[in-house]
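When the chains are written out, they are named A, B and C in that same order, and each has its own residue count from 1.
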C-alpha cells in the first residue's frame, strides 16, 4: 500500500504538465485508460454506489419494504443515540474484533516465521493452514455451534472428563464472544500466515546473513529485520481484518439462529453475540425497520472509516519514517 | 592419571583431543538442531490438526445418528450412517441443483473479476492520468462500505432489473469489488518493470497490447491468487444470496445448507452430512490446486 | 498453474455464455406467464406447517396443475415479505404463521387475495370463529383459512414424574398442577428427587404463557402501550420466581442442540407448549416415544400460534389456489395433519373423527383430545397488534439476561420497559 513505484518510468513525468490541461483534453488523451477502468466503476455505480446512496435516503425514512415511505427526518438517528442495544452491539463488535484479531495476527506471524525457516513439508503445511479459509462460514458456524453446545458439545464433554468443570459457551456473555472469536481466528490465521510468509520471503536473505555475521540471533533478526520490513504487509492485514471484523455477521447469525419467531437473531443470551451488522439485519429484516437499519449501516460505516484511519496512522505512520 | 583419556579409555595426543572435542561440539549442535527441528514439526503438526479437526469431526457427526451425538460420551469415530444421512439431505433440499448454481455463479464471477480488475489495476499502476489518485482512493473507500448497507436497496434494484431470483443478481454485484484492483495494482507495481513497458511501447505496442502481452503474463500468479480468492468468496457468500434468491427452487449451496439447518434443526446428523457435502467440493478443488496457488503467492504477491 | 488458469477461464467463458442466455430468457414477463398459466403452482410451507402426507396427496389430487411444495427455512415472514417486494416468484399458496398474521393484516392486507371474494364466506362456519377473525381485516377482508389453532398444554415425562414421586396420570397431573404455583411446587419436589432433571425447559415460558392466558397483550386494541401494566408485571414476576426456585433447566436456546438433547436425556422433565409442540418433541427425541404425557396447562387455557394458508395477490390462478386450500384444509385433512404433526384442527367438525379421538402412540396411547378439546374451547381471545412481537422482544431478551447473566431482576424489568416503550414509540404506538 505504501510501496513506492519501481523505477522512475516515463508515464509519471507527464504529471505536472497534465495538471494544466482541461478535463476535455485529458479525456481525449487518456480515453483508453478511462475506458479500461470504467467497467468496474460502472458496475460499482449500479450495484454498490446506487444502493448505498439509496440507503442514505432510506436512513431518513420509515419504511417496511412494501408500503409507502414516510419521511421522518433525524428520528432514526435520534432513536439510535438512545438505543442501548445499538451501543451494546458496537461494544460487542469491537470486543469480538479485538479477541480475534490479536491472537490471529500473532499466531499468523509465528506460523509464518516457522514456515519461513525452510522447513520440510512446507508446501503441505501451507495448504493445511489455508484450508480453514476455504470453508464456508455457514458450515463452520454450524460446526462450532455443535462442538461448543453446553450439555452435549465436544468441548464440554472433554472438560468434564478432565474434571475441570464445564463452561456455558453459548450462554455466558464473555464465552459467547470467545467462541465467535475462536471461529474467526480459526478461519483466518492460516490466510494471514500465508500473506506474512509471502512478505518474509520477499526480504533479501543477504540482510539476514549480514545480521548473523554481526552476531544477531534469530529472535533479534526477527525483531530488527523481519518485523520492520513486514510493516506494510502487517498494515494490510490489520486494515483488512478491521474492515472484515467490523462487519461480522454470519457467525453469530448462524450460531444463534433461533427458531423463535417473536425474538429472532438475538445474537445469543443477553445479546452477547449481537454484532452491529446482525443488529442491523434484525431491525431491517425481522422487524421491518428498513429505515432504521439503513441508519445503523451508515453509523457503522463512519465507525469503520474512523477505525481504519486510526489503524493506518498507528502502523503506517511509524513505517514511513523507516523508509 | 592426569592424562586425558578418550571415550575408549585410550590415552590421546593433544591434537586428537582437540579434534574430538570439536566433533562432540558439532554433534551436540547437530542434535540441538535436530531437537529444534522436531519441536518445530511438533508445533506445525499441532497447528495442522487444529486446522483440519473440524473436517474430521464433521465427518464423525455426518456418519453417526443424532442420538449418537447426544450420548455421553458421544461417538468419536466415523459410523456407518453416512448413506442414510446423505439420502435425507437429498430428500430435503435440491443438493445437486444448488451445487450447479453455485458453480455457475462462482465461475462467472471469477472470470469477470479477473478481466475487469486486471485491466483497471494495470491502468492504475502504470498510467498517470488526471484523477488517478482520487479515483483510486475512492476505490479504497468503497472497501469500507458494509455490504449489508446496500442489501435492501440492491434488492429493490434487482427487482427493477427483473433479476431478482436469477443467478445474475449474484454475479454482477460480486464483480463490483475493489479488492482485486487493489491487490493486482500492487502486484503489477512490483512485477511489471516500467522499462519493459517502455520497450514494448517503443516496439509500437498500444495500451491494450501492453496489457495483454506484457502485464498479464507477468502477473499470472497474482491472477491465480485473485481467481481462487474470488471463487472461494463467491462460493461461500451467504447473506446476499439469502435475500436475493427469492425462488426457493433455485438457491446456492450455502442457502440450501442454512435452510437445512433451520428447517430441520433436530436432525443434526443430517445437517452435518449436508455441511460435509457442501464443504467437500471446494476443499478438494482447493487441495488439488493449492500447492501451486500458494507457491505463486509466495513468488511475489503482496511484496508490500 | 497453466492448467489451472486456463481451465478456470474456460469454465468462466462457458458459464459466461450460459449467463447471457439466462439473462435474455429470464425477463419478468417470462416468469409471470409461467405461474399465471396455471401449469406450475408453488406452495410455501415451513417444517411442521401442514402434514407432508396431505400435501403429497394434494399434489396427486390436483393433477391439472403441477403443485410444487417448498419447505422454506429461516424466518418465514421475512422470506415472504422480500418476495412480495420482488413481485416475482410469489407462490400461489403460502402458509402464514399465526404470530405473523397481525403484521400482514395490519399493513400488508393488499398483498393477499380476500378469500371471501372466492367463496370463503360460505365456508366460514366450518372453522373456529375467533381464529377466522384473526385473519380478518378491519374492513372485513379474509386473508387466510386456518390450518390449526394452538391450544396449550403441559407435556411431561411420565417416567421422570414417577421417579420424583409426583402424580403420573394426566388427570392427576392436571389437578395437581392446575395453577402455576402448583406447577412450581412440583418443580421443587422434582429437583430434590431427581437433581439432573428440571421441570421448566425454557425460562421465559412462564412469562410468555401467562401473558397468553390473559386477554390483553403488550399493546391494546386502541393502539396503546400497556406492556408496563400489572398483567405483564405478574407474568414477569412468575418467570423470575421459577428461576429463583431453581427449577429452570440450564439455559438453552429453543431449538438448539442443547434444548434438543434435553428432551432426549431427560434434563427436560416437562415442557409447556401448544399442541404443535408435539412435532418438536417427536423430531428432537424420537427415542423417548411412549414416555411423554399431556396434561392441562398450568394457570388455564391459552393459545399459541396456529397458522393459515393464504393466497398472495401476485401468485397466479387464485380460483384454483382457493380450491386447493379448501381441499387441504377440509376437516378430514386437518385431522390427518393432527396425526402427522400434532397441529390441532381449526375445523370443529374434525374433533369427532377417529384420528382425533384415538390414542396417540408418542404419548403412550393417551387420548390427548381429552386435554386439548376443553383447552381449545376456553381459549381467551386477545387483540394482537402488528407491533406486538417487536414490543415483546425486549422482555424476552431481559429475561434471558436474568437467567444466563444473573442480571438483577428489577433492573432488567426497568430496562425491558424502557426499551419496549422506545420500540413502541417508533412503531407509532403511544
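Here is the rule we go by: contacts are C-beta pairs under 8 Å (C-beta built on N, C-alpha and C of every residue); 3 or more make two chains touch, one makes a residue touch a chain.
Just so it is clear, the model here is predicted, and its values are computed rather than measured.
The greatest number of inter-chain C-beta pairs in contact is found between A-B. Of all chains, the one whose CA centroid is most distant from that of subunit B is C.
The chain occupying the central position, as judged from C-alpha centroids, is A. In terms of their C-alpha centroids, the spacing between subunit A and subunit C amounts to 37 Å. Here the spacing of subunit B and subunit C, counted between their Cα centres, is 40 Å. A separation of 15 Å divides the Cα centre of subunit A from that of subunit B. Within subunit B, contacts with two or more other chains are made by residues 69-70, 72, 156, 243, 258, 261-262, 265, 268.
The residues of subunit A that reach two or more other chains are 65, 146, 152, 257, 259, 285, listed in rising order.
Counting partner chains per residue, subunit C shows two or more touched chains at residues 74, 82, 85, 255-257, 261, 265.
Those residues of subunit B that touch subunit C in the complex are listed here as 66-67, 69-70, 72, 92, 103-104, 107-108, 110-112, 114, 155-156, 158-159, 162-168, 171, 220-221, 223-224, 227, 231, 242-243, 246-249, 258-268, 289, 292-293, 296.
Looking at the complex, you find that subunit B touches subunit A at residues 37, 40-41, 43-44, 47-48, 50-52, 54-55, 57-58, 61, 69-70, 72-74, 116-117, 119-120, 122-124, 126-131, 135, 141-154, 156-157, 172-173, 175-176, 178, 181, 186, 189-190, 193-195, 197-198, 206-208, 211, 232, 235-236, 238-239, 243, 253-254, 257-258, 261-262, 265, 268, 271-272, 275, 278-279, 282-283, 286-287, 290-291, 294-295, 297-298, 300-304. Touching subunit B in their complex are the following residues of subunit A: 1-3, 5-12, 14-15, 18-19, 21, 23, 26, 29-30, 32-34, 36-37, 39-41, 43-44, 46-52, 54-55, 58, 65, 111, 114-115, 117, 119-121, 123, 125-140, 142-143, 146-147, 152, 154, 157, 161, 186, 190, 194-195, 197-199, 201-202, 229-233, 236, 243, 246-247, 249-250, 254, 257, 259, 277, 280-281, 284-285, 290, 293-294, 297-298, 300-301, 304-305, 308. If you check the complex, the residues on subunit C that touch subunit B are 1, 4-5, 8-9, 11-16, 18-19, 22-23, 26-28, 31, 42, 44, 46-47, 68, 70-74, 79, 82-83, 85-89, 255-257, 260-261, 264-265, 280, 283-284, 287.
Interface residues of subunit C, counted against subunit A in their complex, comprise 74-78, 81-82, 84-85, 97, 99-100, 103, 107-108, 111, 250-258, 261-262, 265, 267, 389-390, 392-393, 396-397, 400-401, 403-405, 407, 415, 419, 422, 426.
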